[in-house]
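Each structure below appears as structure tokens.
Heads up, the next two complexes both have chain A, just with different partners, chain B and then chain C.
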Partner chain A sequence: MNDNYQLNSVFNYRETLMSKAKNYIQDFPVLIPFFILLSSILVFGLLVGDRFFSAFALTLILQQVAIVGIIGVAQSIVILTAGIDLSVGAIAVLSSVVMGKFTIDLGLPPEIAILCGLLCGTFFGAINGVLVAKVKVPPFIATLGLWMIVLAINFLYSGSEVISAQTLSTEAPLLQFFGNKIEFGGAIFTYGVIFMLLLVVLMSYVLSQTAWGRHVYAVGDDPSAMMLSGVNVDRTIISVYAIAGLICAFAGWALIGRLGSISPQAGQMANIESITAVVIGGISLFGGRGSVVGTLFGALIVGVFSLGLRLLGADVQWTYLLIGVLIITAVTIDQYIRKEVSS
Partner chain B sequence: MINPILTAHGLTKRYGKVTAIEDSDLDLFPGEVLAIIGDNGAGKTTLIKALSGAIQADQGKIMLEGNEIAFNSPIDARKYGIETVHQTLALSPALSIAENMFMGREILKTGLIGKVFRKLDKNKMRKIAREKLSELGLMTIQNINQKVETLSGGQRQGIAVVRAAIFGTKIVILDEPTAALGVKESRRVLELIQEIKLRGISIIIISHNMPHVFEIADRIHVHRLGKRLCEINPKDISMSEAVALMTGAMKPEKIKENNR
Partner chain C sequence: MKYKNFSLKNTLSVLVSAFFLLNAGSSVAASTSVCLITKDATNSFFVKMAQGAFAKSAELGVELRSFAGKYDGDHETQVAAIETCVAAGAGGILLVASDTKAITSSVKQARDSGLVVLALDTPLDPIDSADMTFATDNFLAGELIGQWAAKTMGDTSNAKIGLLNINVSQPTVGVLRNQGFLKGFGIDIGNPSKWGDETDSRIVGHELSNGNAEGGLKGMENLLAIDPNINVVYTINEPAAAGAYQALKALGKEDQAIIVSVDGGCPGVDNVANGVIGATAQQYPLLMAALGVEAISNAVETGQMPSATKGKAFFDTGVGLVTGSPVSGLDQLTVEEGKNLCWGG
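Here is the complex of A and B:
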């Protein structure tokens, strides 16, 4: 009898611990990618040693994920509305081409050319938004179409020609602004990395503290409920896609800093990579759940895996294999959380 | 004679070939509780959606306090002080109670940061939400920051009704507010409706629950086949007669004969 009682209490204790952990994760789902990130850094640190566990290597990861991280913020706000944006990479590259061509070919001051590039990104983002909100084209299809259109414009306009780093650094160094770096110790922070981190902080603040931010979540959660509670759903959706386009244009500018040159061929995989970061970061593809900080962790996890495995001398395909496993695991966890909540 | 606060005249709404309401009328008098009853598919929900701006009628007109008005969206109806608790409740499960109560009309910080960046005054929103919930006796909810998805069906219904009560200055419309609730929770919602009525707000309620209808309604609007069949006083008629009217088993002319 006594034994039984003790067994029960141990069992109950374990159960409450489990449910406590579960509640905690439900309240702060960003803990999952955070722990995956920490443990993957630890594991690779142990396996690879100092070559990985150095300020240089860890900040190198930041540099490598900066573009995907910035585009990931754009992808995050779109996915929070239960949408998806396949045109992010194309918009980023076209914006960078506009910045370059307007300066070099048209002879505009780089400040004006950059402004035009940012407007270009916002414009195509807004088109996505109008297609989704007003014309009711499913986001996947609208942005798939725009991806191809923008990519084609990009190649037609640029003639597939690269603007070299040398031309840029002599004629318009401002375009390479995000390539500037701050060094201390072995750590190197490019302006692109700093911009990404600031953008994540700013967007987290906006999403949690402003009316617009709460509407983004609410629209993704249940658009018809929001319409009935008097939120202008269409305007919210259009603004989200337009701001995503603007962020992509900034990513295009940061891309110039990363590459040094302007290449119409760059950023081809950015849409898939950004969706990967968003999903691993714990944002639900069904909208309304997750955080931009999660996306940053998601992008960093991918960065840690690729650099860690490369330093281990493993075939690059192992990276893809493991990322694939992570994506499926992340979505499985999301489904589990949703089921728990609805029951 | 008192003039109605809200009248609908000849409202028609078609979805393709399906006619949801046709030439439908409605009168709501100040300070009364008007119950709308009717069989499934009679067009009750369509009618109140037209009155709350959620849909736009193809024909007909709506008059509020004698002036003709047109609602292009729920936002318009709210501006006139008409609040609606829809069947779906229109709550966002992943957001908190306070956030849901102020959805679409958030309280912003004063000054530049509120005006330009639309920064929320979260403390003020929480404070008001807490006050209103306890005022209307719904303080079984411990935490105003709780997500709505963690609440029971009755609590959710309560939040939706309280939200309507806070912002509805003229009319509160409720679509099946007790349909999904247990006995105790239904009771609480009915009490809430009485409290809203005491504030002088007119109420339209759709319900299938005859005991509830007969308990709280001052008048009953019977809706049948897309239009108003008749208006009855619950004191003049029994529940089974009301059901007979709804289903077409009895003609409205019969009521008067029976009463004579």
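Here is the complex of A and C:
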């Protein structure tokens, strides 16, 4: 057996290596974004030098991607069901506005206001879920509509007015909770960053180890088979969108920590940025395959490119150009894997 | 049946006469209707500007229609708004352009159709594409905060300057403020009509803030990654300044840098009061809008166009330097005076 294997490997060394690599990538698609992340850190480290390769700069990237990373987790579970959520950023911002206005204007205790903000996010997420599962509106359309509705409510309710960092720190420091930080050396970890990392770990566990998690993958893979096996598809879909809304509300809370203030104008590109992170992270837009760890890597890759290129003094358009190339490459690889699996 | 026919005829004649009446009504209204087109409907600067325009219109009995881009930089919606105003037979347009160059062809069409087009806040490129511009002297606004920063520092040879501009399209208002600031601070600005070509080594870098807190925060973080010892920060507006302060504060460096800004919104003046912003150049959007509405109504009725401030290519609506730490040799407003004149909530 062993001899046979060795013989085989002598003759077909190249092929074996290729197919092994292919198998690995199929089994662990997260390897690709991980490899891209590592090599981009190395390349920028070599090009920029100490300013990039410092604990300060590397942890700064974590801070800059924290919000997109958290929203990316929400986007991931939706895309795993072969859906998409364009309303994520709007839900996050409205939730943060609710937390701020309920505390400052209505005089509620911050704990209650935060709870209301979290409920607000869950509520709008659930509406997305009901529209998709029960009314059978395509996810793109349902969430496109809700994106505009929620954003309009956000601007109408807030009057486009910012609640300043100073007001919050004197009247409701709890709202800025995720801005607290742990420092050692030059490294800075905000609570927002730690929350993002914990959320990724928690959601990875839930998706891989619980019945609900397997249902999420199954809904994206083959909903009719799932229905036949007696699982309630509609309820799974509604729960996924509602939880995505809840996670977005947490992102809104974390956004207050990052900005210090509450800005109704913030987070407007979060839907596109989170979809970018998800796609670069190797989650299939056709649902059923990928992991939230991949999304974290996807968000980090974008963060590394943005900061690295800025430190190199490159025009910001280069960032967009390279991210565009990465997106298309990632989806090409996804299509290739799908073909391999089905053949 | 007969009754039905009669009723149909009757309805038709009512409709026809209503149509003529409506038409007559709109042709009367057309001579006194004004369009306001802003960059977006979410920035409180434009929200306040619209309020100023509506108040003045009500006072003068002018009909005002308000349009806005979906976001700052949304050129297409502004073009569509101009077309709508021309089609609606408006007497004139007050325009805060997102893309100051590209919009000029639409503006020309509107003027060729007989509309008066006044640029508010942001001059078109070239400035004479509009009949007149009602704006802050943005270069002067920048110059004032630049001079204030230089005087506050005293010895500027060790200055490390971070610049938080607006966006890649380098809109005129951003260029004027940035170049004014650098000139006021005592730096050779090279080509005055673009930023980024300066060679002075005291400049650490230019970052883009999109004029909001989120962008200001990220831009300042990037600048601090380039040089952690930045001690002078120019910001395009006060939300960006608040973001920059947050980035400095997160590193415990909020006392190492002077932050200057432009706008004079009430939250910005509050930030001058509590030390977030060292000085800000205050502008007066309500005044711009009110003067603009008045000028269009006047031009439509009498054919008389507003004239520019002496020595300038536009009508200067004024600028005031607001600071809590005055320096000698500059006209300055106290925080209290700034609060009395501020806009936005």
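We take it that the second predicted complex is superposed on the first by the 332 of 343 C-alpha atoms of A that agree within 3 Å, B and C clash if a C-alpha of one lies under 4 Å from a C-alpha of the other, contacts with A are read in each partner's own complex, and residues count from 1 in each chain.
Keep in mind that, in the parts below, a contact is a pair of C-beta atoms (placed from the backbone, for glycine too) under 8 Å apart; a residue touches a chain by one contact, two chains touch by 3 or more.
Here the structure is a predicted model, which means the values were calculated and not measured.
The partner of chain A that touches more of its residues, comparing chain B with chain C, is C. Of the two partner chains, chain C is the only one touched by A:166; chain B is not. Touch criterion met: A:64 reaches chain C, while chain B stays clear of it. In the superposition on chain A, A:316 contacts chain C only, with no contact to chain B. Contact with neither chain B nor chain C is seen for A:185 once the two complexes are overlaid on the shared chain. Once the two complexes are laid over each other on the shared chain, residue contacts for A:107 go to neither chain B nor chain C. Overlaid on A, the two complexes show chain B and chain C touching no common residue of chain A.
Contacts from chain C toward chain A in the complex involve residues 41-44, 47, 71, 168, 205, 207-208, 212-214, 217-218, 221-222, 225-226, 228, 239, 242-243, 245-246, 249-251, 267, 270-271, 274, 276, 344-345. Put simply, chain A touches chain C in their complex at residues 51-52, 56-57, 60, 63-64, 155, 159-162, 164-166, 179, 181, 188, 190, 258-261, 263-268, 307, 310-311, 313, 315-317.
Of all the residues in chain B, the ones that touch chain A in their complex are 54, 73-75, 78, 84, 86, 88-95, 99-100, 103-106, 108, 117-120, 122, 149-150. Residues of chain A that touch chain B in their complex: 206, 209-212, 214, 217-218, 221-222, 224-232, 288-289, 341-342.
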